[in-house]
Amino acid sequence: MLKTRKFEAVFVALFLLVAGMSLSAQTNYKIGYLPSTIGQALTKAWGVGIDNALKAAGNPPAIALDAMMKAETQVSMMDDLINQGCNLIILQPIDAAALTASVKKAESKGIPVITLNTDTLAPHFACVTMDDFGAGAMIADAVGKQLGGKGNVAIIQSPPGALAGVNREKGFRATLAKDYPNVKIVGAQNAEWDKNKAIAVMNGFLQANKQLDAVFAVNDNMAEGAAIAAESAGRHVLIYGFNGQMSTLAQIEQGKVTGTAYTNAYDQGATAAKLALQVLKAGTKTFTKTDVVIVPPFLATKDNVGSIPASSRW
Amino acid sequence: MLIASRRRLILIGLLLAIGAALSLLSRSFLTLDNLMTLLQEASQTGIVAIGFTLVLITAGIDMSIGAVIAVTAMVCANFLTYTHIPAALFIPMSLGVGLLVGAFNGFFITRFKLPEFIVTLASRGILAGLALIIAVKDSMGFVSNVYIQDPVYLSFGGTIGPVYIITIVFFAMAFLTQSFLKRTRAGTNVYATGANPTAARLSGINTKRSIYGVYMFSGFCASIAAIFISSRMMTAMPDFGIGSEMDVIASVVIGGTPFTGGVGDIWGTVLGTLFLALIKNGILKLGISPYVQPIAIGGIIVVVVILDVWYKSYAEGQARRSARRARESDSRSAAA
Amino acid sequence: MKFDRAKVQRLIADSRLFIILLLLGAILTILSPRFLTIENLSNVLWSVCLIGIMSSGAIYAPVTGGIDLSVASNASLSGIIAYELMNVGHMHWVLALAITLAFGVLIGLVNGVLTTKFRVPAFIVTMAAKTYLFGFAMLVSNGATITIMGPPQFLAIGVGKFLGLPIPIYIMLVMIIASHILLKHTGFGRKAIAVGANEVAAKLSGVDPDLTRMIVYSISGVTASVAGIVMASLTQQAYAPNASGYELDVITAIVVGGTSLMGGNGSVAGALIGAVMVGFINNGLNLMNIPASYQPLVTGVVILLALILNQGIKMPAFLRLLKRA
Amino acid sequence: MSEQKEESGLLLECRGINKSYNGPMVLTDVDFSMRHGEIHALVGENGAGKSTLIKIITGVTNRNSGTMRFEGRDIGLEHSRHAAQTLGIAVIYQELSLIPGMTVAQNLFLTKEPRFRMVRLIDIRKMNAMAQEIIDCYGFHLKATDIIDHLSIAQRQTVEILKALNSKASLVIMDEPTSSLTSTETSQLFDIIRKLKEEGIGVLYISHRMEEVYNLSDRVTVLRDGRKVAVLDEAQIDPAEIIRLMIGRRLEESESHHMLSRRDGEKVLEVEHITSERKFTDISFSVHAGEILGIGGLVGSGRTEVLRALYGIDPIDSGSVRFFGKPWTPGVAQSIRTGFGFIPEERRLQGIMGAISITGNIGITNLDTIRKSLFVSDRKELSLARKAIGLMNIKPADPAVPVGNLSGGNQQKVVVGKWLIRDLKVLFVDEPTVGIDIGAKEEMYQTFAQLSAAGVAIILVSSDLPELTRLSHRILVLRKGRVIKEFAEGEVTEEDVLRASSGLVEGGAK
């Protein structure tokens, strides 16, 4: 019995401490931010963009949760944000189909949802996207031009079923097939978004293909990994990434990475936040069609990368 | 017996204490919606944990449960996209996945005496791959997850009154499994197999059968969970459940079932899962940075298990002392 | 003559695993002409070096009948700590790495104390550690993906080359050899094995099981953080989930290497072979450009076969069993 | 060998049993018979074929040829454990076959739990009641709901026996039942066995303890090298004779006289008023070089605890210890370094590392001698191992075999051997010959004699009274953690020691 009281003491202490933090979070709008994982440059940058925009409008920062790349976790966290009575949720769906139900549920309870990059199957308030498919196509175009419409290309993939990566790859493949029939895709392997794994995968490509002209990695991390592998093998390969995170921009300047599809993630986040505040002021609750806001990425290469100011590097 | 039930009471006390603390600290904790979600989360882990408990009682371990969820979900997805077989028919079939995997594990464990951990870890890999291979693909050959609309299938994600069906099923399964363990010969055999295999064999128990049984049941439970998860999310993904093993293990161990086998029961596991779900759910409510949340969860798990171990050793020490005293007096009287 | 045969048989038995590895290599060579080249093999070694380094220390937990699931989180955290010390704290890189390793030891020691002094099962302790270390990593890195721009000496650790081979390979080999000697040829190694084999008997022979275990987990911790440093330097990057999931690869390597999780024996060389085996598979599939989906599947199957063969079960017998089942 | 003449109404009758596990014959043409309600002892050295015969009777393995009749019914060559059980043959195994964590009742009814008529669920209440009934009708001090873990070894054994009775056994086989019992518990067990006899149940009794065989059995069958060498009726039973039959060679009869003799070598260990909470109180004694100090007393009287404390495993609360005159605070590691040796009880649990080679088992205690600076020299270790193997003539003489694969006797030899190769000053010995065969026992005794001759002080704890009285130069008897009597000189009989252990001390010498 006495023991039990000890536990109580411990926990009460713990929660009082925590309560301190939570108390301040009770003004204006309660906005939830639920990316696929918060441990990534992109999602971090979004978060910063969102919070800055909210602060500017005198709103407390968003409640950020970490779904750790698991759709189940993200769904249950959606439920949690709903139960917490958020006014609006900014969501980067890990999977379009998997999150549709949650988005429906939220909006049925009068909580507008803004999706980032990945749309869901159900109509909701808005989707602020950098258009993965289009950007993939854009890179394919660049590669095709640089190779003069002929050569061997490999793709470093995201895990199967990871929508963002898949769409980028689809755009890339579609354009090559359409406009550059002589550019051969000699390999496509998954490196699980991971730089270290990308090194091994790239090494594989380099071994398997004595002639490899270009590599498209569906995110910057993997592009950087590919760069490391190419460098240590002493082979020259065009390497394209995706997202345009700060480190990759630097590597583009150093000439290690050829180019990337750069989006100003800060802006994207801010855009979402501004939309959020608008709709909350307007008080609209039901949405028949998703209003898609495209934050178009542009191709950052050695020539134009300098034009990206430090303030918009993330 | 007594010790176990006292430990149980302490855990319940903890549960209530934390619950109370949370409802004081967060407005949104003590709402019907939230409590029901909490139970839903707990049930999702719990259904798997029930099967896992039996494995642990035989002093084994099953790392493949997560992957079983994935494969089962994908099987259902295939039925839904490529066939017109009604859900009522193919769901029972897809539950066979878990049974098959369990038999597979049981086979390698019993026939080749391979360590359970590595066998099930291997089948985890095999299944994870399988899930991707059978995943529903689009025209370009990319995994595209179906959006399930079959009403019968979706009904599993639904509620009866405010209570989620999964929760009801969870408690029903808990009750049945518990009575199986305590009230049937097969159940007793499971304990015997875990506590002292040679002795069990000597008393004519077919330990191999018990082992096959528990792994198949564990897989079966995972498959059931898969149905509920996918119908809650209205889709099936090839990575469903993978990685959830750790939550399951934590719940079961917090529930007081040790790795050494021979002891443990389902009500403990139920409490364990509730406990873990409570912590996870509560943490989200407190507006702590998501960075701190894992620290809190990990810390609480360690603390709880430490306290449990402490209490257990203390209580058993007393039991043994009293037994020794009794014995000494007994032998004295006999000697005199 | 007879004695000789016995000797030969024992030799074969001891090198069984290596033979299995060669077998696998041979198969892959047949399937893909590109497999058997110096660069490719060195690439494979390069790709398994993190697992290899972690295994060299993590193996001691199973030897004493325990397990360490926290190595991956530990590694990620170490990378971040190293960065903070070097690039934020502007410490000399050597000092910074030394302190990082000290942290690694501390993390391991905490695991050790919790398992020995508080009698919490190692599985739970290290599983929880895996969780809260990830949290600490998030906290320290503020959830960011850190890019490490320097110092060059630090970056050289990961990508630099010596005699045409990447430095991490040398680090791995050195640590594997060191660990092998530690396990097989030092008092501590003997003590660890004894504790795993029969704690009471060991105690009566003057071994302090608790102390031994604490050292064991500290070693596991420090090697994990070496791996973390190498990883950070190799990828020029540090972030919380950096090594997540590696712990299972490590355990797989160790067990495939012939170390029982029940304790009382252990083979460091085996662990390396186990790691290389997995590396071979991934590399082979990669060379043949087989879709990623098949990698976990093939790996799983090969692991099972390797375990069975390693147990000395003859293939025909195995097939017969399969038939009967 | 005198052939047993055909009798009517034999409980069990085996004729011309042959058995070989693909290769050498383990049993050749063995005849064996049991009458209803007799206590029949089966004796023989390890490897004589006792256990094989039991295995055949209980259907664990099948005989190659020969006939078996049980209660008049023929048992075919294809015999099985299940068949044996249904026939009513029950075995009380040496390593207890109970399920820890379960209650007495659950163990009694394992696999035959009473169930409800309608639903096939176990009727726990009924089961406990039935169990309690059986317990009471044999008058044991047990509760049906007791959990096995909390019972003493003796109590667990009674549960085992109850299990046998509950399975309606008409033949109960006991393999070394007393090996882990105190003398009191042993006598309790004997009462039970006699009760079984009265019930008309045949008891086949295997033991290495001659006095038990002598006290208990109606008939004795002696096996040697897989052959039956004799069947003795009650009148003919005589320990010396049995031993002669068992090992064929006649031991010099040192068992008969137990003259104690003072050794006045240098005082190696002086113990003054040591006390340890709830273990032992105010123990004082000293051991001289070359002396074997026997410590008698019942299990739980604090004998083992004293050894453990002096060796440095458990703490001493008060009192002082002097080693060669100098004050000494025990601690396992430096105890070993300074020349202490410890041979623990319960070999399997405390003595050996079963999965490890002989070399490894010997090496771990000799790390200090085989390691230079940081590293261990395999060569030195191996030579040590070979030396130990030679000294104790351990079989097989292969340093690489895992100790777990050795016979009980040889395992114990390893445990002893690892100390012989050290420069030993004091050796603590706790129940050294439990469950090992006569031959190994003798070798063990000679080793101790040689050690003491070489000037090593030995403290011997033993429940085996002949052993204690024969080996010791001086005997302390402990009771309830105190020295209750010391036999320093003159003659001592086993009865004296036993009486003292049981607290019946004339003159209350202290």
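By letter and in written order, the chains are A, B, C and D; residue numbering begins at 1 in each of them.
Everything below uses one rule, namely that a residue touches a chain if its C-beta (ideal position, glycine included) is under 8 Å from a C-beta of that chain, and two chains touch if they have at least 3 such contacts.
For clarity, every value in this text was computed on a predicted model and none was experimentally measured.
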item: Subunit B to subunit C, fewest steps along touching chains; value: 1
item: Pair exhibiting more inter-chain C-beta contacts, A-B or A-C; value: A-B
item: Chain separated most widely from subunit A, comparing mean CA positions; value: D
item: Intercentroid distance (Cα basis), subunit C paired with subunit A, Å; value: 32
item: For subunit A paired with subunit D, centre-to-centre distance based on mean C-alpha positions, whole Å; value: 71
item: Centroid spacing, where centroids are CA-atom means, of subunit B and subunit D in whole angstrom; value: 44
item: In subunit B, residues with contacts to at least two other chains; value: 132, 135, 289-290, 293, 296
item: Touching two or more other chains - residue numbers and ranges from subunit D; value: none
item: Interface hub residues of subunit C, defined as touching at least two other chains; value: 138, 143, 292-293
item: Pairwise chain contacts under the document criterion; value: A-B, A-C, B-C, B-D, C-D
item: Subunit A-touching residues of subunit C, taken from the complex the two chains share; value: 32, 34, 37, 39-40, 43, 46-47, 50, 138, 143-145, 147, 149, 159, 161, 166, 231, 234-237, 239-242, 282-283, 286-287, 289, 291-293
item: Residue ranges of subunit D in contact with subunit B within the complex; value: 81-82, 85, 91, 93, 95-103, 106, 110-111, 113, 115, 120-122, 124, 141, 145, 147, 149-152, 155, 163, 182, 184-185, 187-188, 298, 300, 480, 501-503
item: Residues of subunit B touching subunit C in the complex; value: 107-108, 111-115, 117-119, 121-130, 132-133, 135, 246, 249-250, 253, 258-259, 289-299, 301-302, 305-306, 309-310, 313
item: Complex contacts: residues of subunit B adjacent to subunit D; value: 1, 179, 182-185, 188-189, 191-192, 195-196, 198-200, 202-205, 262-263, 316, 319-320, 323-324, 327-328, 330-332, 334-336
item: Contact set on subunit A toward subunit B in their complex; value: 3-4, 7-8, 10-12, 14-16, 18-19, 21-22, 25, 38, 63-66, 70-72, 75-77, 79-80, 82-85, 95-98, 100-102, 121, 159-161, 166, 169-170, 173
